[in-house]
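Chains here go by letter, A, B, C and D, matching the order in which they are written, and residues are numbered from 1 within each.
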């Protein structure tokens, strides 16, 4: 299984029936494909939809129904539309249960950097800063190391931050790690075939091993 | 009752050098393409300020407008879909100021609502807080964000009636509603135009008093 | 003609075609009865209506259509409904052209007191403070003196204020007076049969006589 | 999907001593009479805080509730229609705090929207500014107003669907929408109840995620 698919599948298991969920662009969006049939979540798109359905097929694409990535989407039973101002009342006001976002770096204090690399073209933060500050739970969907093999889970973020002390769970192809305030990074699950040492070696920050350490299942 | 219906060329003719212009829409959704095309092709005003969530995409006239050198200042949130805006930010050919999306929407709402500003937890501890006043309440820090207004707003709606009442469907509402309240002169591009009284008063998204000119397209 | 009717009739002449107008409870509401047929104004009710029509007759009363005084009203062609939060965006944001309110006292600086008398039962300010601060023009509809014959147009308000420096025009049964910032109270019109001295004697504040002094016509 | 429909008695049973309760409505319009009657008659919680635009009128159960001695604190704007609230203010049997109507609506919106507060020009120079922080921006003074939240909101809507989506018609929207966003537990009294998908997503005034319990009346 491809890393991205594995991560998305594992995150899907974090969603509970009735949750309001906002999925970021890219890998986080893939989470929607793996939500169990008996778990009903309301997907929010920050451009103004609550109740995003599957992508729209040919012939059902409507210019008045796109998601925050600009894709044509369908709606579910019980969908509602609203403007950006109300959308961010929902987000910043703590009415989103879970947001899943990618990250460039995350550190021991739950600080997240996911929107810019100095010297490179800046796409802008979009709704990411509001989402990580406002959502009840922030889950990071990220590969454990970057393209050069360097750890992305670090002692202290070096890139410009998206927000301070907001990440609660980190899911990578190697592990599930909880960020516990005033404690640090707690290793909860490791991928099949890996050792704790493998994970620690790919992680700059020191990991606290959970007494309940499990093998990741997807 | 003053007849608000007019041509794009005529409506756009009131834009002058140095004006600030809000442009509604989220990527292609609810974007007033005909009005921006008229601004690009039928008006030569320069030194413009553009306020837009994302400054659109490469397929839209706003891409050409940003590229034209007539835009000296941009307020936006996400600019990854308009590489020209990113280029201006890098080269500093224009001032490009980025805001968290919820903060941008709220700043525009505050401008229209007569508020002097608002406190948001979003952006605290990031570069967004640069040059901003921080206010601490109950041991929590907030950024004081200022209202944003403009000379002109270009917005997109599905339908207008003779009084200027607008209906905006689905995910096309986004920034169009708040922008209609925050500009001195509001031009709405619409697909349908009906008599006063034909829109259910419960379904009006922008009351007609906010709309100065209506351009019917298609 | 009764004083209240005379005052309401005179104020009706201040309204221009296209104005957005909010009329307070009591005498200000009477202004609606005297608006010339060729002058179309949009009446706003702060509980959430733009386009208030005449009072609803028997059989056309709907619980979902009351004005800010709790009266059943009708709507006009082009009416829109909205919630309290948006209603006060309209009011505080400067989108109401004229508000007409009663007053207990008004002074040379345009300070207005109209919501409480210490020691008496306090009804609350309702939307009055937002209206006088937010409306582009504040017209006071008031009898020239109180029940005891004491002037209500004073040098300096003694009652708790509704707002500072907001009144622009005062219409009483005796006179029309403009409040000119940094200048004072300018007597523009006097009722038929009265002298300037009559008006000054009933006014605590010093009146500046307009070079264009006219007789009030209704 | 959890079934949200229930009886008034059952819904109201979760109100406990010391709770703060928002009550929607503007005078009789959009007032949740059945829910307040249930709170009055089927629940004995005391030491309550009531947040309401006007605390209703003498004909409504809220008049009896205010009179019952169970209410220790009231936040409102206009109380002239409920003499009992006025009496409590005079006798100081309860704390009655009055706000400009737009400020009250905006405080509740800010509570639901995750804002730390907002700056309004309304109330400057009046007794409303007592004990409030004043902030000067560009030589203009503003009051810093804080957000307002509650344990429970009792609101009134015309229609609900199974997911809790609400439609509120005409002038009944008033405080019902913002209150739905600002309370931990929201109970909606509705006239009609329909299946999920029967409400046009464009016509939803309160997304179902905000609504915890639905009581159908009539």
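In the analysis below, contacts are C-beta pairs under 8 Å (C-beta built on N, C-alpha and C of every residue); 3 or more make two chains touch, one makes a residue touch a chain.
Everything numeric in this text was worked out from a predicted model, so none of it was measured.
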Intersection of contact partners for chain B and chain D: A, C
Partner chains shared by chain B and chain C (touch criterion as defined above): D
Most distant chain from chain A, judged by the mean position of its C-alpha atoms: C
Mean-CA-position distance for chain B and chain A (Å): 29
Centroid distance [mean C-alpha coordinates] between chain C and chain A, Å: 55
Distance from chain D to chain A - Cα centre to Cα centre, in angstrom: 34
Multi-partner residues of chain B (at least 2 other chains): 106, 109, 113-115, 120-121, 169-170, 201-202
Set of chain C residues in contact with two or more other chains: 81-82, 88, 91-92, 133-134
Chains touching one another, given as label pairs in label order: A-B, A-D, B-C, B-D, C-D
Of all residues in chain D, those that touch chain B in their complex: 106, 110, 113-121, 135, 137, 140, 142, 144, 146, 169-170, 201-203
Chain C partner contacts - residues on chain B that touch it in the complex: 1-2, 109, 111-115, 161-163, 165, 181, 195-197, 201-202, 204, 207-210
Of all residues in chain A, those that touch chain D in their complex: 17-18, 20, 40, 42, 50-51, 75, 77-82, 88-95, 133-134
Contact set on chain B toward chain A in their complex: 26-30, 53-54, 57, 76-81, 83, 86-87, 89-90, 98-103, 105-106, 108-109, 120-128, 158, 169-178, 205
Chain D-facing residues of chain C, complex: 45-49, 62-68, 70, 81-85, 87-88, 91-92, 111, 121-130, 133-134, 160-164
